[in-house]
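A short write-up of the structure that comes next.
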Amino acid sequence: MLQTKSQDIAASLQANVALILEENRKLADRIQYSEVATIIPFIQGAERIFLVGAGRSGLALQSAAMRLMHLGLSVFVVGETITPAIREGDLLLAASGSGTTSSIVKAAEKAVAAGAKVVALSTTAASPLAMLAAHAIIVPAAQKEDHGTTVSEQYAGSLFEQAILVLTDAVFQTLWSLDKTPAEELWKRHANLE
Amino acid sequence: MLQTKSQDIAASLQANVALILEENRKLADRIQYSEVATIIPFIQGAERIFLVGAGRSGLALQSAAMRLMHLGLSVFVVGETITPAIREGDLLLAASGSGTTSSIVKAAEKAVAAGAKVVALSTTAASPLAMLAAHAIIVPAAQKEDHGTTVSEQYAGSLFEQAILVLTDAVFQTLWSLDKTPAEELWKRHANLE
Amino acid sequence: MLQTKSQDIAASLQANVALILEENRKLADRIQYSEVATIIPFIQGAERIFLVGAGRSGLALQSAAMRLMHLGLSVFVVGETITPAIREGDLLLAASGSGTTSSIVKAAEKAVAAGAKVVALSTTAASPLAMLAAHAIIVPAAQKEDHGTTVSEQYAGSLFEQAILVLTDAVFQTLWSLDKTPAEELWKRHANLE
Amino acid sequence: MLQTKSQDIAASLQANVALILEENRKLADRIQYSEVATIIPFIQGAERIFLVGAGRSGLALQSAAMRLMHLGLSVFVVGETITPAIREGDLLLAASGSGTTSSIVKAAEKAVAAGAKVVALSTTAASPLAMLAAHAIIVPAAQKEDHGTTVSEQYAGSLFEQAILVLTDAVFQTLWSLDKTPAEELWKRHANLE
């Protein structure tokens, strides 16, 4: 009886992993990669790159920040101790599913006011964040679909947050392929005091 | 000419997204879900749940920690300000691809010494972390395959780190389906001061 | 010559330590302790205590958060991973020298809207933060004095930030003396996985 | 009756503030400032400065890290997202009251192995951390005194942690006086996206 239950749980977990990956696969088909591609010259042309997101979007961007640091770029996460003022020449990469998270919109406004460029990641082109940005990458992860179903069966913004990780990891892979630095050189930059 | 380059970049990004999702899909087929299922009673039976990981594995676990908090569980991330001492009755969820990261192994040793239970997420069953743990979930994300190729073309531990996010999000979905609390109730627990 | 320089530096450091401690001593004489005392019943009566501050004020409050956790209270730092929604019955302790830092004022507004109580630490009673708060503790650390000199020769808000640490450590000592739990019991709560 | 209690609390708070400042003042008299002065050329000569401490010592060092960033130095806090590998030419500033905290000693060992210099802040010259360091600054904050009393009546390492903040703020003031950059220039570096 208990064994059956454990089998049910295993089946539920397997189904949920499949669901998550299938939702991400379908989402990947709906992304405009020419739109995503525009982020590359923004990153390459920036003196320094700042990243900001709230909650789990913020954690996905922190994962991206580590990889950009491994590439040898000058990167800062908003809210960490040693993050300096943003200024002209810098890039702010800001993620918010709704594009309305007040602290993220506020950060984008301040970045624009300081003369920095903003690239937004959001589900909605018409959001305050996307409209503030020099360039917006739309991740259609949580919008309603035609027949009354939503894009995702997952809780809250999970699909958007997963997509931010997948997309920024793809951006990293593409930057790395352009950069051609051997993995060994990147590896030397990994934090070595923890 | 520049336009061609931009098209190349878009194609590279699309290919990299497909690569990441396909690597995760193949990995998902090799996971033992009965092994993963064992984590559910550990979580349900724990007084408090502590999570620890270094670098991007740690960030994936922080995403998991938020969701466990949304479920109403008592959760702490090792290294954050208000994380108290672990003790008997508590669970430590520890992730390390190699299973050898010294700070993570050390934390697991201390948790065991304090009488807490440890569940490990690692690529290798024979690693110090996995062997310390009451239960180890093996994510075969970076082991060598038969024909001289590796499991992943991605940089470093990226596949493992992505898999930790996917797997813990599946664990959350399963816990939530057992729990049956309406999304509205979970939503009320989301941080509201940021 | 170089030795003289090293002696000069030693003298400068000693003078600066003396300056910092003397500025804090003078400030301590100008604090209304009956006003500070009001924080004690707010802390004792709160279900959970949330702390928020930007930059170095925030770090001083994080030091306070650790001590409140050591006392066995339920404490959260705004912005950390597992911090849930604030609600009625909770207390927000918010520090801002100017009382105008937008993210801190915003957090206080949201806390009030959620039915929580706010206690503010600020240099200025007439500031938005102090006026929002159920109770404000004024730390007169950076206001202009009569004869054209400022309260502090230190850079920026240093004196305020130091005062937050001193004051919250005094609050801890007083709470602990009321609580009478032996140091050994507090010690058992110290983080043991780092 | 209740009012008397409130008066007692106010008196207790005032006495505790006085105690904290008096303990710091006495401690300041026992510090060897020529020993502290040696940190200045280490900081000035470092390519990049890394800071590491656990718990409240770590928070005090984070406050110091912010100020060093305001001075325009290249600074990293161990454990934050974008902290790269330490290497030859870099400085690790490590604080541990006991000088035995395992994660801090381990970080210092790794820094030395990587060819970086280590400056330690500790209460004990004979501690593993102090002995590993190229230079140790002894803060005699928690050692037993002659007549059976301790140096501090405060809980645990509070005096050491306060002293780290005071001492590093004095180091900042001295560095700033040598540097002569106007406050307005430092101010421009303060985080502007929060």
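The letters A, B, C and D name the chains in turn, as written, and every chain counts its residues from 1.
Just so it is clear, a contact is a pair of C-beta atoms (placed from the backbone, for glycine too) under 8 Å apart; a residue touches a chain by one contact, two chains touch by 3 or more.
Quantities reported herein were computed from a predicted structural model and do not represent experimental measurements.
Participant: Which neighbours does chain C have in common with chain D?
Facilitator: Both-contact set = A, B.
Participant: Could you compare the number of C-beta pairs in contact for B-D with that for B-C and name the larger?
Facilitator: Of B-D and B-C, more C-beta pairs in contact link B-C.
Participant: If I compare contact pairs by residue number, which of A-B, B-D or A-C overlaps with C-D on over half of them?
Facilitator: Over half of the C-D contact pairs recur in A-B.
Participant: Approximately how many whole Å separate the CA-defined centres of chain A and chain B?
Facilitator: Using C-alpha averages as centres, the distance is 18 Å.
Participant: Would you kindly tell me how far, in whole Å, the mean C-alpha position of chain C lies from that of chain B?
Facilitator: 35
Participant: Spell out, as numbers or ranges, the residues of chain C touching 2 or more other chains.
Facilitator: 59, 62, 66, 79, 81, 103, 190-191, 194
Participant: If each protein chain is taken as a node and each touching pair as an edge, is the resulting graph a line, ring, star, complete or other?
Facilitator: It is complete, because no pair of chains fails to touch.
Participant: Inside the complex, what are the residues of chain B that reach chain C?
Facilitator: The touching residues are 50, 52, 62, 65-66, 69, 75-86, 92, 107, 110-111, 114, 188-194.
Participant: Can you name the residues of chain A that touch chain B in the complex?
Facilitator: Listed in rising order, the residues are 6-7, 9-14, 16-21, 24-25, 28, 31, 33-34, 36-38, 40, 54-56, 59-60, 62-63, 66-67, 70, 101, 103, 154-156, 158, 161-162, 165-167, 169-174, 176-178, 183, 186-187, 190-191, 194.
Participant: Where on chain C does chain A make contact in their complex?
Facilitator: 59, 79, 81, 102-103, 106
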